[in-house]
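In order of appearance the chains are A, B and C, and numbering begins at 1 in each one.
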Amino acid sequence: MSQNEKILEVKNLKTYFFTNVGVVKAVDGGNFHLRKGQALGIVGESGSGKSVTSLSILRLVPKPAGRIVEGEILYRGEDLVKKSQKEMREYRGNKLFMISQDPMTSLNPVFTIGNQIGEAIRRRKKLTGHDLKEKIVEMLKVVHIRASETRAHAYPHQFSGGMKQRSMISMALACQPEILIADEPTTALDVTIQAQILKLMVEIREQYHTSIILITHDLGVIARFCDYVLVMYAGKIVERADVKTLFKGNRHPYTKGLINSLPHLGKKQRRLESIKGQPPDLLNLSGGCPFEPRCDYSVERCSVEYPPVESAGKGHLLSCWRWREI
Amino acid sequence: MKGESILKVNNLKKYFSMGKEGIFSGKARMVKAVDGIDFSLYKGQTFGLVGESGCGKTTTGRCILKLYGITDGEILFQGKNIHSFEGKERMQYRRAVQAVFQDPYGSLNPRMRVGEFIEEPMLVHGIFNSSDRKKRVEELLGVVGLSSDHSSRYPHEFSGGQRQRICIARALSLNPKLVILDEPVSALDVSIRAQILNLLMDLQEEFGLTYLFISHDLSVVEHISDFVAVMYLAKIVEMAPCEMIFKNPLHPYTNALLSAILVPDPELVQDAIILEGDVADPHGLEKGCLFRNRCFNATDECMEKEAELIEVEPNHKVACLRVA
Amino acid sequence: MPRSRKIWVNVKHAPSGGLIILLLLIMAALFAELIAPYSPVDQDITKALRPPFFLEGGTWDHLLGTDELGRDILSRIIFGARISLVVGFIAVAISGLIGTWLGLVSGYFGGKVDSVIMRLVDIQLSMPYILIALALIGALGPSLRNIIIVIGITSWVDYARVVRGEVLSIKENEFVDLAKIAGCSTYRILLKHIFPGVVNSLIVLGTLMLGRIIIFEAALSFLGLGVQPPTPSWGIMLADGRQYLTYAWWLATFPGFAIMLVVLGTNLVGDWLRDMLDPKQRAAVIGKR
């Protein structure tokens, strides 16, 4: 098993939502892969399709409106799209784990934290009694929850936001998944707590070689945590590259606009460069590039035809008619 | 550099009573949301109030807006105590101090047309007749970058960024002197934030507005503020002109806060000071510095004595025994 | 979306059945004199206890049969609709007014006012409504006017609770704070900002309460506390028909059916209104964003 093998390959993923007023193409042709031990970042704003991508991988797309209409999601060669829900249950919580923005909805308020972590542990190992208790305490210590013996008997509502997230990570670790999907894991947390959680995730990656898909709108988190990044806009992956190239050598107008619009700590400017216009209306997309109405470089072709994927360097792909001239 | 003082806060305290200490106790459990803070706002300036959740920054804003009464201290508007206002003075204060809040979805009444919403403050204060009000609404919509035919629409037809513009238009309708901005861009998409921040800064210049900018996002605060105060657990721990705080932070909490910010630059080597534990519960920290259990610099003295906010260099105040 | 699924969605959410029933009720109440074949009080002992037209011995003259005094059941049911509707609408209005106002005040001001009003609610709920009705009717005397009053002043509780709940959640919105900051008076805030958010729930509740109140009226009349004979109320018809259940079941069954249909109708319409007026639910129904 080579260290850099591809463990997840997503090919031409299309996840659409069928509503009475039209079809929302939440993910429209997603192509990417994830290697062992890699930290993949998916960045995008509301409506970009980043969360739906993770739900698609886990086959948790809300029915009946949502459906994966096309594409393959190959986890170690097995196509997850073709699996039944029963088969997916074997994968979820085992090989694939997800932590989301609000742990309050993932943690069961009626059971103690220790109980829930114990449940996660027992999926992997048949431990009981004293051994189980020890393992639970160990898992809590790994995520730096102090006074773990007493904390194990606490209920979720007695924990702060940061501690809840750490409990979720602890559960994730207990399952020892190969892929951990973290959907906006720190968005609801304070800055100093966010730093703690991210440090923890870095430790996990190093120790367990877990691959992590980190979904967020926060470019700072992406810059510090990810190896490789996908930028999504209105269901399409508009640019992808390794993290350095994405920040220093990006070529897509949206990526440029996004990064340039951020206030940079330590570099006070008079005015921020902003992207004009409004977020896309997913029900009324033209057949062309969805970013066209807000793009400073658009030409007529952009509103008519969606640009093909082209390579701008090693591992650097993007879709834009005019990237060479910008 | 300092112009006229618009607002002065002296030893402001706001305590909330939540339930009882114990089941049988007669004493109410006090949550000290704001525990003795002082600062001044000067005309045309932006004062940034930063801190994490529970530090008291939002409560401070709400006290200034008279949405809460205060437990102790005073708030002076142009020299007069705002709680001593009667009748006409009260209404004048309402004209002079406005707000923009974080949630663009909760800030607009879903059953009111946008034009009616922007017009309401004028209607309430009895200024202008109906047709002049309509004209002013159109004017305001233009000022915030929306079109006049938006005034007959309902909020659900607008995006988050547009809703914030509508809120800003309403806030401006009475030509206020001071606008309290409580996390005005935190709930917006990243690509929209810059638009709104630019708009706020342009409006400040054009109309000579004073802003109290409350936020947890330090990069944004650095960009927009002239003066900054850092709050932790109901107190101000450091206060200085913007550049000074960001270039030369003195309080350990400010340092930790700044180092925790993730700069969107993958090549920058950052040594984050990772604070242990969560934002503390002040219960159990009766004596001494409230930050001591997370502070990497704490000494025995910090356990006993609480630090006062002292000016350690011109305009730069810090509340830390190790720094003084 | 497959066509069959689209049709199902529309049928499930169409209140047409309910609306038709309510329309029939209103028609009957308004135009009873024109629609009913006979007067509801015309007695003819010779024609007593005739069965409905589909049974042996029944005729087309009296579609639903006659009661023990020879009165036409169908006509009495049609005129009974008037009673039910009058009581229904007026009582809904009275209880709605009382309950909404108390709910608004309770929810918006909180504190002691809230405690007092909620205690009133508790007290009212702990007393069985039949007892209250008995006591009040005993004091005031049984009549149409009096049962409207009785029902009106005992049904306010649901409104108060629902309105209070809505007010509590509306209060949390920033636009209420912004209204205060703009200098709006409490009256204006309640009228323009709080109340409009409550209206939807009120409409839904009112529709559902209509059904309940009609049953309440029927129950009181059944007990002899309400409308007095010979005025035809569905409740009285039930009471009269009880003794004949074994051999002349149509006396009680058809009025019973009428009550059931009307309540079903109001419930269907109420549910549909709830879906349509709640923007989130409505989105699920018609797929708006």
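Simple rule for what comes next: a residue touches a chain if its C-beta (ideal position, glycine included) is under 8 Å from a C-beta of that chain, and two chains touch if they have at least 3 such contacts.
What you see is a predicted model, and the numbers here were worked out from it, not measured in a lab.
**Q** Of all the other chains, whose mean CA position lies farthest from chain B?
**A** C
**Q** Ranked by contacting C-beta pairs, which pair of chains comes out on top?
**A** A-B
**Q** Please compute the C-alpha centroid of chain B, do the same for chain C, then give the distance between them in whole Å.
**A** Each chain reduced to its C-alpha mean, chain B and chain C end up 50 Å apart.
**Q** What whole-Å value do you get for the distance between chain A and chain B if each is reduced to the mean of its CA atoms?
**A** The separation of the two C-alpha centroids amounts to 32 Å.
**Q** Under the touch definition given earlier, write down the residues of chain A that touch chain B in their complex.
**A** Within the complex, chain A touches chain B at residues 45-46, 144, 146, 160, 162-163, 190-196, 198-199, 217-224, 243-244, 247-248, 257-259, 261-266, 268-269, 271-276, 278-279.
**Q** Enumerate the contact residues on chain C facing chain B in the complex.
**A** Checking each residue of chain C against chain B gives 172-175, 177-185, 188, 192-193, 196-197, 279.
**Q** Across the complex, what residues on chain B touch chain C?
**A** On the chain B side, the touching residues are 62, 65-67, 90-91, 94-95, 97-99, 101-103, 106-112, 117, 120-121, 124-125, 156, 167, 170, 174.
**Q** Report the residues of chain B in contact with chain A in the complex, numbered from low to high.
**A** Answer in residue numbers: 52-53, 159-162, 189-195, 197-198, 201, 216, 218-220, 222-223, 242-243, 246, 256-267, 270, 272, 274-279.
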